[in-house]
Amino acid sequence: MHVHELNPKKSIITLSIFFIIIVVGFITLKTPWLTYKQVPEQTLRMISEKGNCLYPYELASFVAGTDDNIMLIDIRDKFTYSRGHIPGAINISAYDLTRKEEIKQLKEFKDKGVSVVLYGDNQLQANGPWMLFRQIGYDNVKVLAGGYDYYKMHKDNLADTESDDSYFKGTADFDYAKVAGSTVSTSTTTSTDTKKPVKVRRKKKKAAASGGC
Amino acid sequence: MGPLIPNGILTGNWDFVIALLLGIAFGFVLEASGFSSSRNLAGVFYGYNFVVLRVFFTAVIVAMVGLLYFDYFGWLEMDKIFILPTYLTPMITGSVVMGFGFIIGGFCPGTSYTAIAIGKLDALVFTGGLFLGIFLFSEAFPLFQDFYYSGDMGSPTITDMLGISAQWIAFAFVVIALAAFWITWIIEKRVRKNITPYKF
Amino acid sequence: MNKNYIILTALMIVLAGGLLVVPERQKYQQIGPDELLWEIIQPTRYVSTDKVAQLIIEGDPSLELVDVRPTADYEKFSLPKSINIPLDSLLQESYQDYLGIDGMKVLFFSNDDIKADQAWVLAKRLGYDNIYVMKGGLNCWIRTIIQPKKPSTDSPSTEFALYDFRKGAQMYFTGAKTETSEKSSNKKAVKIQRKKKKTAASGGC
Amino acid sequence: MKKHKIKNYPHYINPYFGGLLLGILIIVTVYITGRGLGASGAVKSAVVTSVDVVSSSHAEESAFYSKFISDDHSPMYNWLVFESIGIFIGGLLSGAIFGRIKKFRVEHSPKITSKTRLIGAAVGGILFGFGSQFGRGCTSGAALSGTATFSFGGMIVMFGIFGTGYAVAYFFRKLWI
């Protein structure tokens, strides 16, 4: 009869080493001090909700210094900020947004129920930082529609901009199909072009054949 | 971080050196555990030697648990590793044929290589048979080409198919395997009383 | 029986059981918030419409245009050879295959650049590389490529070179010889365009 | 444990120790290469190479061989081939350390002759080779590594092989006990 060594001493040692490696894994597991509070699906839902933007006409009372529920943060760099900014806004350059002090400050605002509004030159510039803050759980962070550029143009008549809609983003300014396919002869070809299921490269699943066993 | 080669951390020429080293380790473990003896291997089906079951299932549960921990710690990206594709009907057929091959031949490919290394002629014949079997399959391939590709289900994991999380699957495997170890220990003791010891 | 076997059994059960009790970690979290902010700050992800037009005309095989607008809009009009991944289904499993292909540059675009940028931030968080945003989106595309504006006579010659390129691109994409008809049919849109032009730094949107 | 070290009895390592090492080896393999271990693939490469050498045109026409033939390198220049050479060397090493390498011999149950055993081995080998192609791998590639990486197919192959083994064990008992 073939006999195996019966005392599993080495097994105990090996499994213990294995165990220790896993414990070490737990110890060295770094939990970043900033963590996402939203899963991507939540973020996706969030960005299509209303109330993510602060509209320029809502700024009027803030600029006048009568609105304590809003805090404006200018995320442009110091130099640009110094050349002109919305009165009352504080400057935190985008590079520094996730510094500990800034996050602490943000948390204070959040606890006090103050909305923090980020703005850059345009809405696009503040879009990324705004999404980041929403993802790490600061629901009080908003973005200024139109950005500083729009504000600068309308700073004297902010209240009147309520009826203006040019700062709304995400809308089509043209009827693309009409504009782009202006000549009748080509419009048919372009439209069929786009409708055709486009052949695209997909990630190739690893070929199983080569593997075998 | 890992897997190293698919993630491009290790590249190119090291592939085959690594393959050789991993193969050596694999062969060493197989031989040292007693897989180079067909009577040891077949013993699992007759209850006199459960070495196959023990080694096999210990390896499976350790690997499963370890891989999940590695994934958890972020050391290994589980979605980047190769998952064996599933072709349901050909795989069931193939595994039944392999089951017959195992009990008649007493080896499986990996173990037969190690058995050749220590001078077993039956292992050599078995490997010859393997060669012939694959050759016959390849020659007759057009006959069952359709069958070969039938039942294609992509590369599903057990989680995909059963809807149980990988952690629970690993846990279930561990519990079942450990229970099996204790039960087979009792069986083995009983069976061995009625069997004449064999030399090799 | 050796009592070591009991220890082994217990150890293995503890290990496997540990998997069940460890707090769940966010599987999605591929790059941390710090890193994500760093990526967000970089303006390198923005590609101008002129560059996009050039790449399309050259037939760059590594360019993958992704329209993140709703499917209905996509069916009406989109850039040639683009694929449609509506923003709200960006995370669906079936679309993941289109992102993160080795050697492919994925370019998001929408009506303007906000939605595309949002898609970019999400994709970036999931760890995809080689992803870009078309600056100005289709609005800018129409303004610069489909309806390029002739620079004033005192503009530097580079402006004229750009204009010539855009005229050529326009012909490539529409086959149009003249643009008078377009202008008249879209007066309102063109007006808005002017207003924005004032603030924009130069030729781009 | 001393009492088990009776002369002429082979000295094997504890099976759980072997299993542990094997499990860790699978983790290391997956960690490095992103895929598990394998064995039968090497024989397949050998078959393809042989056919290619004997009749190149035949190999290129075949729907099966042509999958594995490429112009820039031989089918033997394959990960699994090197791994299988490694398995052989590993077996040699272990055999040398534990003193199991002896002259060529046939191991068989006392109730059967060497010839019966060899026929059994050949038939088993053919069946195994045949089945491993349908199963997309053998015990090490599909059943062991496949199951360890949570592949559904791997689990099917594992249950298939062992289930069949137990189901038909009774009919082949003469071969083994």
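Letters A, B, C and D name the chains as they come in the text, with residue numbers starting at 1 for each one.
Here is the rule we go by: a contact is a pair of C-beta atoms (placed from the backbone, for glycine too) under 8 Å apart; a residue touches a chain by one contact, two chains touch by 3 or more.
Small disclaimer: the values here were computed from a predicted structure and weren't measured.
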Chains linked by the largest number of contacting C-beta pairs: B-D
Averaged-CA centre spacing for the pair chain C and chain A, given as whole angstrom: 14
Whole-Å gap separating chain C and chain D, where each centre is the average of the chain's CA atoms: 49
Computed distance of Cα centres, chain D from chain B, in Å: 8
Computed distance of Cα centres, chain C from chain B, in Å: 45
Sites on chain A at which at least two other chains make contact: 1-2, 4, 6-8, 11, 15, 18, 22, 208, 211, 213
Shared-contact residues (touching 2 or more other chains) in chain C: 5, 8, 12, 15
Multi-chain contact sites of chain B, meaning residues that touch two or more partners: 33-34, 37, 39, 48, 51, 61-62, 66, 69-70, 72, 75, 82, 84-85, 109, 155, 181, 195, 198, 200
Chain-level touch network, classified as line, ring, star, complete or other: other
List of chain A residues in touch with chain D within their complex: 1-8, 10-11, 14-15, 18, 208-213
Touching residues on chain A, where the partner in the complex is chain B: 1-2, 4, 18, 22, 25-26, 28-29, 205-206, 208, 211, 213
Complex contact set, residues of chain A against chain C: 6-9, 11-12, 15-16, 18-19, 22, 32, 34-36, 39-41, 43-44, 47-48, 94-95, 97-98, 123-124, 127-129, 131-132, 135-136, 149, 153, 166, 169-183, 185-186, 190-191, 193-195, 198, 200-203
Residue ranges of chain C in contact with chain B within the complex: 1, 9, 12-13, 15-17, 19-20, 22, 25
Contacting residues of chain D [partner chain B, same complex]: 8, 10, 12-13, 15-16, 18-37, 39-40, 42-44, 46-48, 50-51, 62-65, 79-80, 82-95, 97-98, 100-110, 117-118, 120-169, 172-173, 175-177
